[in-house]
Structure formats: structure tokens, C-alpha cells
Amino acid sequence: MNKEMSETLVRTGQGTRMGDLMRRYWVPILLSSEIAESDGPQVRVQILGEKLLAFRDSEGCPGIIDEFCSHRGASLFFGRNEENGIRCAYHGVKFDRNGTCVDVPSAPQMCPRMNIKSYPCTERGGIVWAYMGPAEKMPQPVELEWATLPENHVFVSRRWQENNYLQAMEGGIDTAHVSYVHRYEVDTDPMHMGTKALDYIKADGNVIFDIEKTPFGLTLFGRRNGEPDSYYWRITQWLFPWFTLIPPFGDHAMGGHIFVPIDDYNCWVWSINFHPKKPLTAEERRDMEQGKGIHVEYEEGSLRPRANKDNDYLIDRPAQKDKRSYSGVFGFALQDASLQESMGPIQNHAAEHLLPTDKAIVMARRMLYEAVQGLAQGIEPPALDASAQRVRAAGVLLDRASDPAEWAKEHLSDGLHQALYSV
Amino acid sequence: MNKEMSETLVRTGQGTRMGDLMRRYWVPILLSSEIAESDGPQVRVQILGEKLLAFRDSEGCPGIIDEFCSHRGASLFFGRNEENGIRCAYHGVKFDRNGTCVDVPSAPQMCPRMNIKSYPCTERGGIVWAYMGPAEKMPQPVELEWATLPENHVFVSRRWQENNYLQAMEGGIDTAHVSYVHRYEVDTDPMHMGTKALDYIKADGNVIFDIEKTPFGLTLFGRRNGEPDSYYWRITQWLFPWFTLIPPFGDHAMGGHIFVPIDDYNCWVWSINFHPKKPLTAEERRDMEQGKGIHVEYEEGSLRPRANKDNDYLIDRPAQKDKRSYSGVFGFALQDASLQESMGPIQNHAAEHLLPTDKAIVMARRMLYEAVQGLAQGIEPPALDASAQRVRAAGVLLDRASDPAEWAKEHLSDGLHQALYSV
Amino acid sequence: MNKEMSETLVRTGQGTRMGDLMRRYWVPILLSSEIAESDGPQVRVQILGEKLLAFRDSEGCPGIIDEFCSHRGASLFFGRNEENGIRCAYHGVKFDRNGTCVDVPSAPQMCPRMNIKSYPCTERGGIVWAYMGPAEKMPQPVELEWATLPENHVFVSRRWQENNYLQAMEGGIDTAHVSYVHRYEVDTDPMHMGTKALDYIKADGNVIFDIEKTPFGLTLFGRRNGEPDSYYWRITQWLFPWFTLIPPFGDHAMGGHIFVPIDDYNCWVWSINFHPKKPLTAEERRDMEQGKGIHVEYEEGSLRPRANKDNDYLIDRPAQKDKRSYSGVFGFALQDASLQESMGPIQNHAAEHLLPTDKAIVMARRMLYEAVQGLAQGIEPPALDASAQRVRAAGVLLDRASDPAEWAKEHLSDGLHQALYSV
């Protein structure tokens, strides 16, 4: 990837080309539960380089507005969330969830000149989403399967990762790394235990990958030996511009991620578990809340993992030696974070040497880059039609002659109405 | 405020235009009590971007000199304060309180080439002041009322605030914000309780402000309904270039502040309580030492408040909800610091939208800017005559026809010889 | 020292002129004991601005390689040290101690394109040394006396110092400062007690210095009154480009240092004690391990001293007053670090005023600068012949007519075969 393409893909602030592209999609901002209460505490959140304030107003509607008052620039974090708006604590200037200035004490006639930035928002899958692009271009809200399921089928968390979103997302696209840094984690995670899938994975380390470009992004096909007459296929998706889907093991929950820039040196990694057919059990939910599986334990009062770069992710060298952890770091999320953060805040693409197993990464980069270039020429970005998101990851045994791409086309698209495939 | 004017006002290092202006006045450096002892420990202090060392010599005189030795640049903080000078710990080069090199062991003939920067200093009001400007332009020491009272009438503290002095000082000039962020603090502070002033303030939230330009800076007049035939006027001053005065409630102590740049991103906020007619009580003094009122509690061993931006000023959301604190932050000083620091190290003036209640701020900015421009053209700055500082803040009931400006001219200037006005 | 010369001497990264010069010598990287175990935990270490990884392979050989994988740039710190190489935890790419890529799972044919940087290394004196310069120019390994003694004669430690190597090394060359910041430390250190040398030092504070340029660098001669008919000479060396030697007191161990850039704002200070004739006693070794003498106590899990600039080196003002410590800081190393770090990450040479006692520093700077200039013109640097390093520091009584330089030439060069001189 040359310097120009690298710079194009990693810069996402206001006025950047990649930033313009991302702002054409609904952006996950924070968990609905982080602003659970009407007139409850507002929350600061930085997204795509913009410092925003999220709150739930007296009517129960979420608002995503500029963090700062238009008067003197004080943070509305210290303001009062009451009577359908946030009142700045400094001089009482008040804004509603649309950023409209609804009160200037002592000078109400000034209101029309005091409005602040706000973004339309919606709630799906336990997440508050904002649309940060041009009003006339707003697409339908997301229709990802997990975002449309009943609440008790889904668990969602977000965590701070200290590097550019691109190298984090590439870790999500790149299923080849699972056999290395996650090797012993896959072996021992309760959500994998006792499944045929785990047997196939342990028996055949030599995965053959194939990748298909689709209207929504990419479908990845990973082939292992299954039964004597079949292959075990793991079929995963990257959905434009930042979603990934992960197939289940047996009857356990499926998974997914979203990778959203905080700024050019930090990102939010969202982790989702969901079961299309049944609620998560209390035990599953408790494990997820405790940071098991693809989730993490946090530093107190923050969204930073407790194991982080300042403590070398609590690396455990004896556990690495004993093959209880491949790298000495525990947990899927922290194994990814430790490696991706170690690449630097922005990976030096000039120094990388890509391998055949990086084919999906190369294709994703190219699709993003082409969409950026297209947008600059007035060509609408891909996957704006939310129905394109109605796909499903799967783990499936197919007889050795079957074409998995044909099979996926028939069985996994518009997945909300299809059967589950897992072994 | 345009970019040029903004940059002019916020930059105060050596060689800047605003820095040149400020260096024409006596600058508060540190508390006399911080270097209480002759030949006691020296203290580092940064002022107007300059790293300085303060110490008290064998004769009991304070010295303000360059922090660093002229020989190899080691900090004199590690030196020995003994026999009327600081001896560098590295090679024994010694300087007296005038920065004169008085010993170079092994090469005494080098002394005359080794002198370091020093500033004349004086002590008033429990503060060591330095004059950092051209020698021939040195004005008389400050004659602020609190600086000339007996020691036991006065309590002074300083705290580190993590933003440019200008936005801190503007908070001090801007009395309009008291009705918002300080609302419940004013209600409950012991120094306000049981006074008529508090009754008037609670009964009339619609303050009308008038501002007058004076030889020393600005006088602000805040009008509320008093008795049926009178108004309750709160009259406060901004004294060029960085002082403010605060009227008392009833027979309690008066107040004042000084806002002094550390560098362009940090400032010292000085807070003064004083009673012109009587010593502070032991209880008042103990409260102030414990950080009550306009003072703060510190992080151990530092001048940084214990509640600071790293812990969101210990914001208490339930207290905000219950109207025990307007913003959830407690304490006048921290309420100000939280908002002013949230504006960023240097407020983005291009984004502000000033209101009619910002009139005093606009006037103060203009006076500072005109003084800067004047100085560049050889015009002497305002308020160099220390007698101009002999004014007093007041809270007073005047009949509704009275002109408070006329009244103030008669009663509050040369305040050291006048009656106290407080209700 | 002018700006150009200053910049030349302090910049040591890849491609700098001083960096090129330093890379012509063997560079101490870390203690052998930090990678004690074959296939044990690898260690990150930054040297001359380069981020490196040190490990001991299955054959027990140390390897110094690039910290980052050539594939995607992940840190090999999280990799697996096993079967004669480090395997990256991300995708399993593996490198041996020569940086040769020995495995690319799924694409072994790519190996030849994946090699990473490595440096030849050797172990002497309990240190792993690397040669980071052009292969055809590799000199013989160091022959410093302490590096060639039996292991039990030597104790070595390294500590992080937060400033440029030059001002740290100049402190090592500059013996004049011993009479100041180290005054009371010299008096009370057990390794000085009860020796004639200490008596001479306490009796005569007026040291006369002479310096001689030598093939290996500089010899410094410090003269004090000895017995009525003799002088007490302390003879120390600076060995090109970063070694110093310290004479013993009585029959105690000798000392030495190495000053190696981490980057331009940090350096490793190595401290060595050794006795040419006998093993260190258990008590001496325990004291050194506890940070006594020229060594330090560390912050837990780091090579940063426990007393550091964040805590003002635990300065003890009463101890300074009582003359138990000259600067209030305890320990030779921390006394040096406190002063040298206080000069700023890179000393501002434009502001210094050198004295006659700085003659050795001036000569060392000039030798380094001339070597840099020479190298650019194809002239080989000095002291590449390791036998030049076979010198020894001494403290000796010579009759008053003797020329110590003549004496040193006869008695201290090729020191490995000579007698010890100490009083």
C-alpha cells in the first residue's frame, strides 16, 4: 500500500476523504445503557475525531450533540440534563437534542444564533447510532441481524483500543491469525467446547481460504477437512465499511464486531454476541459481563481494558511456555489488542510484507479506497442499502464437491429468514 | 475577537507583546510562607513562561533568580541555600539574591562572567512579588487594600489551573456566571448565610449589569431588587492587568483574585480573603486552610487541586440532580476551574458567540489590547500608579433613583480610608 | 560549543553522523542475566534510537534483532521463543537469531523476502554487546579489564537516565564535581572508609587537574597533597567513545561506567564494580544488588530508579541542612542523575559558561567531533584496536617531583598484566 493510499484510508476526521465516506453510514456511538435514564447523566464520546455529547432527554429520546457550548466553549458535560435539553452550567444557555438553542437567559433573542451541531440518531441492538453525513443522503438504519433481534438475544460491549481503526479492523477480517495468537484460547473457551467444529479445527491446521467480493463487502470461506466425504467450511463476512460477522460453534451464540475511529490513533472496538433463535442464558450473559469470550474486563470507571499496553497486557510468560496461552496474553480481545497496538498508533504500511493469507485485507483496502475515490467523483458508496446487511456467518459441512460460494448465496443472504448453520 | 487579537492577548512569554505589558507590573510569585525560613529550602516556580527559583537568604530577604546555573545549566533547586546565596550542587558556583555570582571555586576570576538573571522583589500581603520589567520603569509596589492590611486580617492561597490565564481571568470578571454554576454554592456557603444580601440574590435572579471604565480598569455594577424603595447593588472591580475584587456578604470577609500566567497553557489563580476592620477568626482561617469558600484542597505535596480534570473534579451526579450542586462539582474554585479547563488549554475564540452579559469581558479584552498596542508605540500602560489600586468592592442598598457610579466614585475609591459597605 | 557541533554530538539515530561513529564500536545492549535462560522470555531494548529485541535461543546464543515482524509490524515481544527462533504470535512467521526468516506458515516460499534486521553479538563481562555498524568494519570485542575478568570479580547494573547521553557522560568525565554533589557520599560510603585516600581527599579540597590526550581517549590526573614529600594522584580514564574508569579506595573494588544513547533524550548508564585480584565478597555483592555505591534501587519491574524526577529524587532537605547529603539527594548515581536530568533532556549548550575545570569535557567533545568529521572523510575512528582499552585507573602517592603522566604510561597501560595501585 503506497503512502497516498495509506494516508487516505487512515485519516477519518472532518473534511478527510475517508471521513466523508464513513459519514455516509450510520455510526455506532455508545451503548443505549450508557445513557439509560431520561434526564440522567450525559456522556462524552469522541467519534471520527469529533468531540460529542450523548444524553437522553425528558422524553426518553437520545441526543448526540457537540460537546461544547456555543457561547464560550465550556463543556456541556458539566451542564444540567433537564426539561428536554442540556443547560450549560456556566451561563445557563440551553440546547435540545437537535442542538437547537432553546434558552439564553437574559438574552432570549440571541437563541437563533447559538445553535450547535447535532446528529440524527436511532437505537438498534442496544446501541445509539448517529448519522453524521449530509442530511439528504441519510440511509435506512442498519439491518444487521443482531441489531434487529429481541434485546435478550444480544450482548454488546465496546472497548477503547489505542491504534488506528484500520489495523484493528484488518485483524477482524483476517481469519488466518486465529490459528496463532488465539490457538489455546479457541481450545478452552466454553463457547467452543464439545462441538464438532472444534474437533475439525484441532485436527486440520492447514486452512485453505477463498474470498468473494459481494455487494455488501467480502465473504471469506475457510476450508478444513470435515468428515471423510465433507469439508468443514467457516464462512465469515466483512460488511462495508466496518462490520465483521463470526460463525458460531455448535449451538452457541454467534459473534460480530464493529471498528470505529475515535481519532486517527484510537478506535472503539465493539463486540457483539447474539443467538438468532433463543435468548442468551443468564450464565452466558454473566460471563460476557465479566469480560469472557470476545469481551474484556475494564479499568475501573473507564472503557480501557484492565490489561493494556501500560502493563504489557498482564503477559504471563509461564502460561506461554506451558501452552495455556500462545503469546502469554489471555482473552481474544486482548490478544488482538496487544498485537495491533504493538504495531504503533498507525501501522507503517511502507514496512509491511503481505502474504497470500492477507488477500482479504488487500481486497478490503482496495474496496475502501475505490469507494473513497468514487465518492469524490460523485459515485454513491456501496452497501448503503441496509438490506445488503441481512447476511449470516456459518460453519457448515458440505460434501467435497460443493461450491461453498453457491451454497452461501442460497443459504446465508437475507439471513434473518433463513436457518442457522453450525456444527 | 479575531485571531491576531486572540494570539496577542494569550501569549505572555519573554519577547511577546502581552508579556512585555505584564512585565511592567509587580508580579505575584509565591506565598511568603512558602519560603518562610532564612536559608530554608528554595522553591521552583514558573511565571510568564520563565523558570525561576525563589529563596530566602541568610538576611531574611527573598530572592527570585533564574532556576539554572550559568555554568552547565543544572537546576539550582538542588543547590545549597546558605551564607546569603545559593550554591549549585554540581560544581559549587554560588549566586546571591541579585543573581550576582559570588563564588566560582577554583576560578574566582570568572565570577563577573557568571551572573544570572534575577528580579527585584518585595513582600506585601503575604506574597513575594517580583518586578520582571525594565529597571528604569519599575512602579511602586501594589497598594491593593488586602496587601496593606495587618497579616491576621488576610488569608491568601494559590492554585494551579490548567488553562490560559485569560479565560480564567474572564471568569473572574464575569459576575453573570455566579447565578449558574455557583448557584447552590452561594446558597450554602457559611460566609453568605443569614445575610440580607443572600435574600436579595435568591429573590431576584434577573440581575441587570452596568460597567464603567475607570483609570484602574473596570467597575461592574450588578443590580437586584432590594427593599421596596431600593436596589441591592453589588459593585466589583477588575484592576489592570489581573486583579479582581469581590464584595462581602454581611460582616464576612471580602474577596479577591489574581490570575497570573505560568505559561500559555497554565496559570496561577490566587484567592484572597480579607477583612478591613478586624482579624479573620480562627474558624474562618481554618476553613480557608481546609479549602473551603474560594480556596481548594490540594493533591498531596502539590498546588494542584485534589479534584481536577483527571478525576472530572469528583463530579457528583446525584448532588447535581438534587440541586446541591448546579454542575455536580463542589467549591467555587473547582466550579470555575472545571468549566474553564474544559474550554481547552487556550479557548478557541473564533468559535465563541458573545452575549450582552459578556460586556465586561469585551471591555477588558479591549483595554488589554489597547495597552499592548500603546506600549509598542511608547505609550505608558494604565494603572501603573499604585494609588489607583486603592478601591473597594461593595454590596449596598441605594434608593432607586441613585446613580451607583456616582455613589461609587464618592465612597469606594481610595477605599483604605473609607467605610465598609455590605448588607 | 556552537549549534552545529552541539547538534552533531547529541544526535545518534540511524543516519546521523554521531550515530554512524558510535556504530563502529561494540555497543552494550543488556545484561546477560536479563536473558538468562535458553528459550526464556525475550526483552525489548531501545539503543541509538532503534527498537530491538534481545533473546537467548535454544542453543544458548543471544540474538539481537528488530523488535518488529516484517509481515505486518507486530512486536515480537509477544512472540514465542522456541526451537532456535522467535515466532511472531500474530501469524506464526519465525526468525532466528540472525534475523533470518525460517518459517512462513502457509507460504514457506516467501521466507527469503521476510528477513529482519539483526546485529552480531557477543557476551563479555556479564553484558550482551552488539555490533551495529558495517559488517566489514567489525572490530575485536572489548578488552576492558572488567569485561575480561572472571564473573565473580565483577558486578554490573544498568539504569535508565532521562537525558541525552552526552551530558551524562560528561558528568562521568568531569571529576571536579565529586567534591561538591558527592562530598558527603564520598565521606560515608563503606567502600571509601578507613583508607588513606579518604584522608587525603578530606584534607585537601583544592584539587589540581591535568589532562592528557591518549590513543584511547583521555587520562585525567587529579592532584592533592599526600604525605609531606608526596602528592596523592587520582588517575582516571575516558575511553573512546563512552567508557570511564574510576580508581579504587584502598583494597576496595574499582569502578567504571558506560553511557549509551537510548534515543536523543534518554540514555542507559551502566555501572560496573570489579576487583582485578579477587572475587567481590558476598556482602559487597549484596550491597550492589540493593543499589548501594554507584548502583541504584529500581521502581518495581523497571530499570528506572525508584528516586527519580517525578519525586524530586526523594530529596531530603533536613539531610542537606545537616550535611548528610550535599544536595539532599542520596546515592552517587542519583546525585548525578538529578543534576544532569535537571539540565533538560538535551542541555542547552548555547547557555553554558565553561570553566577551567571543564577542560576534560572540552577535550572529549573535540575528540568526538573530530572523529565524526574524520569518519565522514574516510578516516578511521580512534581506539578501534581493543588492546587500547587495556588501561587501569589508579590512586597513587608519587614523590612531589614525579611526572604522573610518565608514571601512568609505564604502570597503567596494558593494565591487565600490571600491579594494582591504590592507597
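Going in written order, the chains are labelled A, B and C, and every chain counts its residues from 1.
Quick note on the criterion: a residue touches a chain if its C-beta (ideal position, glycine included) is under 8 Å from a C-beta of that chain, and two chains touch if they have at least 3 such contacts.
Every value quoted in this text rests on a predicted model; they were computed, and no experiment measured them.
Q: Overlay chain B and chain C by their C-alpha atoms and let me know the rotation angle in degrees, rounded to the nearest 5.
A: 120
Q: Same residues or different residues where chain A meets chain B? The copies count as same if more than half of the interface numbers are shared.
A: Homomeric contact, different residues on each side for the most part.
Q: Taking each chain's centre as its mean C-alpha position, how far apart are chain A and chain B in Å?
A: Centre separation, chain A to chain B: 49 Å.
Q: Chain B: which residues touch two or more other chains?
A: In chain B, nothing touches at least two other chains.
Q: State the interface residues of chain C toward chain A in the complex, per the touch definition above.
A: 40-41, 68, 70-75, 77-80, 88-92, 104-107, 110, 113-114
Q: Within their complex, state which residues of chain A touch chain C.
A: By the definition above, chain A touches chain C via 167, 176-177, 179-181, 206, 312, 315, 317, 320, 326-329, 335, 338-340, 342-344, 347-348, 351-358.
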